[in-house]
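By written order: A, B and C. Residues from 1 in each chain.
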């Protein structure tokens, strides 16, 4: 994809959902970055009286939870966990998926057959259940969670990359690379891959969103990293206090929904800007 | 060729214009008529507005296209009808055959049910009667083994057979006007001839008015009584088929004839063996004669004012200042 | 359209297609499906085996979990499981066991894993089937409405709604439902499959269960309504441009018929394909929903198994649910074939 960077950024920012999405995500990133400075004691410190509603005490703008921990500290530190897990899991999925899909689409034939059958099979296995099994048996820690999410989400990328490779490998520039004797490795990574970055970029925003949801779901069930305060953790803890203090769940839930929404908006905007042909879809 | 009966026109298109959005004209000041029992060939290159004209007559133009002028069919103006009355006329008084038989039928419905549907929409009959009538129609359009075919899905049929089904749907409710938009273009040559013969026979038997839209002058000569030649949204020449094709007066008609693979039939066609240039896009049409930029006979007056469509004889008209074979 | 098929025998024709599915040129298709199923199960089994191997401690430690086993018992178990043998032999034995549906013993429930799971399967099956049906119907209708009003305020409003549904995780919706319908308004029971100790039978029992299932199904559906709505809209827009829709309009039939009979049946095809792809994710989503609403299904079982470190039970749930997804996909293939006569099995 050869596009003028300036005009790309311009078109992306002019896209209403792109602009809204990027503003929300930048806010989330700012929260994650500033968490350490604003709340250096971390999210676990018991700060004051339990169950103070938001706005009641100036010191705790989002209130305190059932144990008296500052919810604002939890949300800011939780942003770190969500973004880290989402980003890392998406990155690993893209690496695995691109390798699988690229090799499959480039070589075709029986290689493609075997790899795609495996991809199909992976998509048949209930992914959240697999993630629970991995985390539950190997033990919950951030790296395990990232790995578990990556293992269950790469097939989508593999299919996407394979389709692009199948299309691109018939193009003249690939044929001429073959004729001049370029190695398969260089053709795959140097020639074809750069040309299918656009759909991968679009898919990755959705991938990050999915990863963030899976992490939050695991933490909500109490299967997350016990040393990390994630939005899911706060949500799970707040559930028992739903009757008297529903804001404890509402605060992290809003952060989660807004972040996921923003990533989807960015995905839609990227799709429109990078693939103008498919705008209607 | 039979001489067409001199009766009141069945379809009269009066000063029809079709434009996109606010101002881009796609079809301009179009006039022609179709009588009962008459076949009119509407001819032109792709993009000249033939199909749009057909859709306008059917009242099926997309909503973003605006029309002006009138389309009179059997006494009522189609452009002024409300959606409900228009729907009642479609299929019963006017019907259309489309270019692509492969995609014109619903792939998930049996061919029988697709004919039954139109019968039920316009007649107060039972399903069993409709089915019986469908079988008769299948026999009429020469679908072999019609009863066995009734429950087949379109993908099981050849292109020619599917076009016969489309024709059966079109004639099911005895319309008085049949529009055929490139009905044979997508078919094999041998099948083309069969379908054309079928159309001609049905037309003669039912005294239909047939508006045949095509870019194939051979088809027109074979089937049509009169020809209307369109260029860039306008009629440039019209008249009886044999007269126009044997003695074309508009340089464009002459060019079309010369461009045919069968070779030239007209004097002076050597110079026009191929029409240079392309049809101007709707928003870039010249102010004078539309054909002027591509015309070998073009002169200064062609550029200045667009020539009017003026009668050559009782049944011929021409839009040209410097026609082939000298001035009028 | 069976309502329209006037000639007797058209239903016979449709039956004929089903019969062909069961008897006709079937073997190749069945073989393909079967090989796919075997591959899925093989991946599950090998994955499970690697998982257990990579866990801290060995299989016996994992199975033993928190229970108080003496060192001797554990040693005995190790021999019994053949843990003193090389890995590939262990894997082979593991596969043989699973191939005969011997999923082992669940210390948590003090019963064979298979019995435990089969007891919990119906609840999850009801939850998933009802959710697929409802989300597909609602999603399709919303998609059609959007497509018919493309670019108008209705379309925009629905698009925003779909986006919200798409972005809100099911467990957040579940909690919001509980907050409003149970805590604030006290309309619906907060948890369980039926009222505890209910003596109701027949219709009353069904009504009781239905009330308990409203929130779980609703929470599980929203995301899929968004997916079907979006795909339905796109498919409908695509189909409405096609030639046969124009043919249908040229027939002079009502616009309602053009949309719902001609266009929708074709636009449904990608939705059915999507339903096949979504079943496995619904089964995964059931874990959260069943846990939140205390439904005694497979998902809840998986959660309990993790909490109590009952690895046999956990892997058993993974095995059986993967198998169920394979079976459901097979059924969806059959439905697709009835809907699309062009599909010849190969």
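Please note the rule applied: a contact is a pair of C-beta atoms (placed from the backbone, for glycine too) under 8 Å apart; a residue touches a chain by one contact, two chains touch by 3 or more.
Since the structure is predicted, the reported quantities are computational estimates derived from the model, not experimental observations.
Contact analysis places A-C first among chain pairs (by count of C-beta pairs in contact). At the far end from subunit A, in terms of centres built from Cα atoms, lies B. We define each chain's centre as the mean of its Cα atoms; on that basis subunit B and subunit C are separated by 53 Å.
With centres taken as mean Cα positions, subunit B sits 56 Å from subunit A.
Rounded to a whole number, the gap between the C-alpha centres of subunit A and subunit C is 23 angstrom.
If you check the complex, the residues on subunit C that touch subunit B are 1, 4-7, 9-10, 13, 242-244, 246-255, 257, 262, 265-266, 339-342.
Residues of subunit A that touch subunit C in their complex: 117-118, 120-139, 209, 213, 216-217, 220-223, 235, 239, 242-243, 246, 249, 253, 256-257, 260-261, 264-265, 280-281. Only residues 36, 39-40, 43-44, 47-48, 51-52, 54-56, 62, 163-164, 166-169, 171-172, 175-176, 178-179, 183, 234, 237, 277, 280-281, 283-285, 287-288, 291-292, 299, 302-303, 305-307, 309, 311, 314-315, 317-318, 321-322, 325-326, 329 of subunit C touch subunit A when the two sit together in their complex. Within the complex formed with subunit C, the subunit B residues making contact are 58, 60, 83, 87-92, 95-96, 98, 100, 103-110, 112-113, 116-118, 120-122, 126-128, 130-131, 150-151, 153, 155, 166, 169.
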